[in-house]
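Structures given as C-alpha cells follow.
In the two complexes that follow, subunit A is the common piece, with subunit B as its partner first and subunit C second.
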Partner chain A sequence: MLKKIQKYSHSRFEEIGYPSKKLENWKFSSSKHLKKYLSNNSDDKDTSIDNHGDEYTLCFMNGEITLESLNKFIYKDDMTILDIDQLSDENICSTSSNFEKEALFHLGLSTIKSGKYFEFKKGSKFDTPIQILNFYSKKNEGLRISSFNIFKLNQGNNISIIEKDVNKGSSSFNLSLNKFICSENTILNHSMMYDDSTESNYLGYNYYELGRNVLLNIDSMNINSTFNKNFIEIDLNKEGSEVKINILNLARNQQHLDNNILMNHNAEHCISFQNVRNILKDRATCVFNGKVIVAAGAQQTDSNQSNKNLLLSQNATAHSNPQLEIYADDVKCGHGSTTGALDKDSIFYLRARGIKESDANNILVKAFAKEILQDFVNDDIRNLSENNLNHWIDG
Partner chain B sequence: MIKIKNLKASIEDKAILKGINLEIPKGEIHVIMGRNGSGKSTLANVIAGNETYEVDGGSIAMNGNDITEMSIENRALQGLFLCFQYPVAIPGVSMAYFLRAALNAKNKHDGEEEMDAVKFLATAKKILSELGLDDSFLKRSINDGFSGGEKKKSEILQLLMLNPQLAVLDETDSGLDVDALRTVAKGVNEFKNDNNSVLIITHYQRLLEYIKPDVVHIMIDGKIVKSGDMTLVHEVEKNGYSWLVK
Partner chain C sequence: MIDKNQQIIDSTLDQEYKYGFTTDIETTTFEPGLDEGVITKLSKLKKEPQWLLDWRLKAYESWKKMEEPTWAQVDYTPVDYQALSYYSAPKYKQNDSLDDVDPDIIETYNKLGISLNEQKRLEGVAVDAVFDSVSVATTFKKELAKHGVIFCSFSEAVIDHPELVKKYLGSVIPSTDNYFAALNSAVFSDGSFVYIPKNVRCPMELSTYFRINAANTGQFERTLIIADEGSHVSYLEGCTAPMRDENQLHAACVELVAHKDATIKYSTIQNWYAGDKEGKGGIYNFVTKRGICTGDRAKISWTQVETGSAVTWKYPSVIMQGDHSVGEFYSVAVTKNKQQADTGTKMIHIGKNTKSTIISKGISAGEGQNTYRGGVKILKNADNARNFSQCDSILIGNKCGAHTFPYIDVKNPTAKMEHEATTSSIGEDQLFYCNQRGINLDDAVSMIVNGFCKEVFAELPMEFAVEAKQLIEVTLENSVG
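So, the complex of A and B:
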C-alpha cells in the first residue's frame, strides 16, 4: 500500500514543484536552499548510536526506528505497532487538505523508506511519557531524510510524547511527517524540543485529527536551528475538545524559525489557544502564520491566538500574520500580535533598584519566555527548557 | 546628602528643568510642591539617571561624589531610591525574585554577604504585614494587575527592604484613600532616621499631615522659586501658586 501512496505523492510533487514565495505559507521563507539536498538512498544502518535511551524511549535513526529500542520498549504490549505498508485502510494515512497542497509534504512522503503506525490499546494508561529520539548521523551531510509516523489514541488513553532531535553533526534536511489520530475521550501531550547546534534544516508537518472530548497540548521549544519550519494543523471534528499550543523559539545569527498553525474548528463547544513567542538576536528571522477557521455551525467556539516577538537586535525581523475566519455567529475569538524590543521603562525600573543593565535585560528576556514555559505541561520538559533558555541567554 | 547645582534638563529638545539648585542635608525631609507639569517628575527621573532625559548642564552630587554621569544602577547602589509616580508592570518577574535580585546587588556592592532565603522571607513578611499586604504579594508579578494603592505600597516595601540613604518620593500620596495614605506615611516615617534623607514630591499637602518636612520648596516652570517651612505649604493651600510667579 505504501508504494501506491508514494507513487501518488511523487506525482503530486512533480506537479507542484518546490514552493515559491507566492504561496502564503512560504512568503517569508525561501525553499531554494532545500533543493540541494539529495534523497537518502543508502541502506546501511548507522549503528553508532551508543545510547538507545531507556525502556520508555523509541529511537529513530535517520527517520527509521531502531530495533534495539523497539525491542526493549516498555509499552509495546499495550500497543499495536505496524509498518505503514501493512495497513489495509488507506484513510489512516490521509492527511489534511492543506498538507495535501504542500509540495514538500509529498516530497517527504514519496521518499520515506518505511514508517510506523502506533496504536495505543483502548483504556491503557501510560504514566511515564514516551520519549522519541531522532538521531541524524554525520553521514547524512547534504542528504534529505524523511520520516512518517502515525499515532492513534483510543478511548481512555492519556499519553505524553516527548520528541527530541539528537543531531550528531550532520547538516541534513530533516523532513518529518506525523499524524495523530485522537479518538474520543483521549488526552495527548506532545512536546517537541529542538536544540540543534548543527547546520541542519527541519521541516515538520504535524497533523492532528480530534474526536469528541479530546484534550491536546502541544508544547514546543526551539533553539539554534538554522532553518526550522513547522506546520501544525488541527481538525477539531467533534464537540467538547480543547487544544493548547505553547511555542517558544529562540534564534540568533541568521537562523530562521517559522510556525504555521491552522486550527479548524469544525464542531461546537471547542476551545483552542495558541501562544507563540519568538526571541531573536542578530540577524535572525521568524515567521508566524496562524489561522483559526470557525466553520458554520461551530457555535460556542472559544479561541484565542497570540503571537509575541521580542527583538534583541535592530537587524532581527519578525513576520506575524494572525488570521481569523469565522462562519458561525455565537463564538468568542480573539487574536493579537506584538513585536518589539525590550521595554525601556522596565529596564529603567529594574536598574533604578541597583540591578545591572545586562542583568535587567536578562531578567526581562526570561520573563518574556517564562509566560510560555510556565504553561508547559510536563515538569521535566519545563525545567529542561528553562535551563536551555538560560544557556542561550548567556551564550 | 545630595547637592544639586544649576541643573538643566530637557526632553526632545524641550527644556524642562531650567536651573535647579537644591541641597538636602543628612537627616532632613524636604518637600517640593508645584503644579502639574512644572517638572517635578523630570527632576526625580534626572536624579535617578533616566536616560530619556537629556542633562544640559549643572551637577548632582551625593555625599560629595558627582553622580551626574553615573549609571542608573550605580546611583541606586550609592543609596539613591526613587519611589515611582507610575511604577511599570513587569509580567513574569515575581516581587520575591525582584526584591532578592535588588538586595543581592546592594549587598554585593556593599561588600556584605547575600541575605539568606529565610532571613529574606522573614524581613519581607514583617514589612508586608505592616503595609497590610498578604504574603502572597511576593508571588505576584511586579506591579502586574496591582491596584493604585498596591503599587504605592509596593514602592514602600522596596524602600524599606533596600533601606537607601536618600528616598525621592514622586507623588507617592496621589490616588490613595485615607487608610492607604496613612499606611504609606507610616512606612516613610519608619524608614526615616538621622542618617538618611527624604525628598517628597507632591502637589497636595495631604501627605504632609503625617510627615513633617524640614524645608519646603516651590517649583514653577522648572525652577525652585521659593523655599521655606510648613507655612509655605499653608500659603500655597490658601492662595495657590500664582502669587509666587514673578
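So, the complex of A and C:
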C-alpha cells in the first residue's frame, strides 16, 4: 500500500514543486535553501551510535526504527507494531486536506523507506512516558531525511510521548511526518524538544485526529534550531475534547522559527488553547500562523489563541497571524497577540533594588518564558526546559 | 428612547431598502466594453490633458496583465468587464448654478435626504453629488473658496488645478497597485477633489454623495484629498443605489495626503443596495482607500459604517511616514442575508513615535459572512511605534460567519504592538436581563449592538452617528428569532 501512496505523493510533488513565498503558509519562510538537500541513501549511516536509550525509549536512526531499541522496549507487548506497508486500511494513512496541499509533505511521504504504525492496546497501562529519540547522523553534507509514523490510541489509553531530536555530523533537512489517532476517552501528552547544533533544518507535519472526550496536550520547546517549521493540525471531530498547546521558542543569530497551527473545531463542546511565545535575539525571525476554524454547528466551542513575542535586539523580526474563522454563533473565541521589548519600568524597578541591568534583563526574560514552561504537563520536561532556558539566556 | 427606536424601526420596516428607486432621466451612456478606444473617448469627452490619458492607458496596460485577487474570504459570480458600460452621465451639463441641474436629479437627491439647495442644508456641510459617472453639483464652493479651500469635482480639478492633480494623483495609490485600483485608474470618470491650504481649518464638513442610477454600468470614482501643512478637514461619504437584479460594480479609489501637522478625518456610511434575501443583485464594492502622513505630527482617521453592498472588499490604510504621525481606523461592518464583507485596514509605521489604533466591530446575521483582515507593519526605523488593535465580532443566528485575519509584522524591538479579538453571540443572559426589565427582544438586540458599536459611532460626525445608529437598527430588525 505504501507504494501506492508514495506514487501519488510523488506525482503531487512533481505537480506543485517547492513552495513559493506566494503561499500563505510560506510567506515568511523561504524554501529555497531546502532544495539543495537530496534524499538520503542507506549507506550513509553512522553505526557508531550504541546508545539506544533505556527500555522506555524507541530509537529512530535517520527515520527508521532501530531493532535494538525495539527489542528491549518495555511496552512492546502492549502494542501492535506494524510496517505501514502492512496496513490494509487506507484511511489510517490519510491526512488532513491541508497537508494534502503542502508540496513538502508529499516530498517527505514519497521518499520515506518505511514507516511504522504503533497501536496501543485497549486497557493497557503506560505509566512511564515513552521516549522517542530521533537520531540524525550524517556523515555527508546535504542529506534530506524523511520519516513517517502513525500512532493510534485506543479507548482508555493515557499516554505521554516525549520526542527528542539528536543531530550529529553535517547539516541536513529533517522532514518528519506524524499522525496521531486518538480514539474515545484517551489522554495524549506529546512533548517535543528540539535542540540542535548541526545547523539542520527541521520541517514537521503533525496531524492529530481526535474522537470523543480526548484530552490532548502538546508541549514544545525549541532552541538552537537554524530553521524549524512545524505544522500542527488538529481535527476535533467529536464532542467533549480539549486541546492545550504550549510552545516556547528561543532563537538567536539568523535562526528562523515558524509555528503553523490549525485547529478544526468540527464538533460541539470542545475547548482549545494555543499559547505560543517567541524570544528573539540578534537577527532571528519567528512566525506564528495560528488558525481556528469553527465549523457550522460546532456550538459551545471555547477557543483561545495567544501569541507573545519578545524582541531582544534591533534586528529581530516577529510575524504574527492569529486567525479565526467562525461559522457557528454560540461560541466563545478570542485571540491576542503582542510584540515588544522588555518593559523599561520593570527594569528600572529591579535596578532600583540593586540588581544590575544584565541580571534584571535575564530575570524578566526568564519570567516571560516560565509562563509557558509552568504549563508543561511533564515534570521532567519542565525541569529540562528550565535548564535549557537558563543555559540559553546565559550563553 | 425605546419608543423612538420602535417608531424608526416600524417606519422603515415596510421598505426593505428605501433607496432602491431609480430615476428616469436622459443619459449619455457608453456602449459596453473596455479597450484603449473607450479610455481615449472618455478622456477626450472630459477634455483631459495628454499626460492624464497616458497615465490611464498605462494603468490599463498593467490591468490587462493582472489577475483578479482571490485571497479574500468572499465568493461571487465573476464580473464580465467587457459587458459593463464605463461611462453614464445625465445629459445636463454641470454648471455653477443649480438651476442648470436636471430637476429630476435634484428630486432624486431630495428623496435620498440630501438637499443640494444650499439654503436648505444643515449649517456647515458642503456636498459634492456624484450621479453615476459624473459629479452633478457641488455646493458651497464659493463660500469655501473664500478660505482658499478647493472643493470641486475631479474633472474640474483636472482643468482648473492641473498642477495639484498631476503632483498627487497616484502618489498614494499607484496606478499599478492592485487589480481594482488599476481598473479604476484606467477608467475613473469623476469624483471629488479637495485641497486645504496651509494652516486652514476647513470651516465646514465636506461630503460626497455617490448614487448609482443607470443599469449595467460600473461606478469608478476617484477622490483625492490634500491637507497642506497645519490644516484640518473632516470629510463624509455616503452611497446608495437602486434595487436591481443584476450585480453592479463599484470600484473606487480614495487617496489622502496629510502634510506636516495636518489632520484628515474621513467618514463613510456605505449603504449600497445589498441584494435581496436570496442574495440576488446588489453592489460589488471593491474599493481601495489609502492615506499617507507625509509630514511630522500628521493624522489620518478613517471611520466607516458598512451596512450595504452584496460583496465588500475594502481596506482603508494609513502609511505613517512622518515622525509622531497618527493613523486611526474605526469600523462597524454589518452583514445580513447573503452579504459578504471582507474589510479591515493596513497600518504601516515608518516614522518614529508613530501611533495607530484599530477598532473594528463586525456583526453577522442571517447567512452573512463578515471578515476582518488587517495588517500592521512596524518597520525597522519606527522607534517607539505603538499599535493597538481590537476586533470584536457578534454572531446572530447559526448560519452566519465571522472571521479574523490579522497580519502583524514587527521589525523594531522598541515598538509596542497589541492585538486582541473576540467573537461571541449576544449572550442569553444579556437578553434575559433586558427582557426581565420589560425590554422586548428586538429592542434588547438593538441596544446591545449599539452598545457594542458605541466606540466607533462616537468617532462619527454627529449627523452621521444618528444615521448610522438607525441604519444598524433597521438592518438587524427580526434577525433574532
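Everything that follows uses one rule, which is that the second predicted complex is superposed on the first by the 390 of 395 C-alpha atoms of A that agree within 3 Å, B and C clash if a C-alpha of one lies under 4 Å from a C-alpha of the other, contacts with A are read in each partner's own complex, and residues count from 1 in each chain.
Definition applied: a contact is a pair of C-beta atoms (placed from the backbone, for glycine too) under 8 Å apart; a residue touches a chain by one contact, two chains touch by 3 or more.
Here the structure is a predicted model, which is why all the values come from computation and not from measurement.
Student: Would you check which partner chain A:Ile363 touches, where first means subunit B only, second means subunit C only, and both and neither mean what they say?
Tutor: A:Ile363 contacts subunit B only, not subunit C.
Student: Quick check on the superposed pair: does A:Gln314 touch subunit B, subunit C, both, or neither? Answer first, second, both or neither.
Tutor: Only subunit C; A:Gln314 stays clear of subunit B.
Student: Is A:Cys333 touching anything from subunit B or subunit C once the two structures are fitted on A? First, second, both or neither.
Tutor: In the superposition, A:Cys333 touches subunit C alone.
Student: Decide which partner touches more residues of subunit A, taking subunit B and subunit C as the two options.
Tutor: Of the two chains, more subunit A residues are contacted by C.
Student: Examine A:Asp345 and indicate which partner it touches, taking first as subunit B and second as subunit C; both and neither are also allowed.
Tutor: first
Student: Go through the superposed model and pick first if A:Gly354 touches only subunit B, second if only subunit C, both, or neither.
Tutor: first
Student: Considering each complex separately, which residues of subunit A are in contact with subunit B in the first and with subunit C in the second?
Tutor: In subunit A, no position sits in both the subunit B and subunit C interfaces.
Student: Contact residues on subunit C for subunit A in the complex?
Tutor: Within the complex, subunit C contacts subunit A at residues 71, 73, 378, 380, 393, 395-425.
Student: Which positions of subunit A touch subunit C when the two form their complex?
Tutor: It is residues 24, 296-297, 299, 309, 311-341 of subunit A that touch subunit C.
Student: Name, in rising order, each residue of subunit A that touches subunit B in their complex.
Tutor: 343-346, 348-357, 359-360, 363-364, 366-368, 370-371
Student: Over in the complex, which subunit B residues touch subunit A? Could you list them?
Tutor: Those residues of subunit B that touch subunit A are 48-52, 71-73, 75-77, 81-82, 84, 87-88, 90-93, 97-98, 101-102, 105-106, 109, 141-142, 158, 162.
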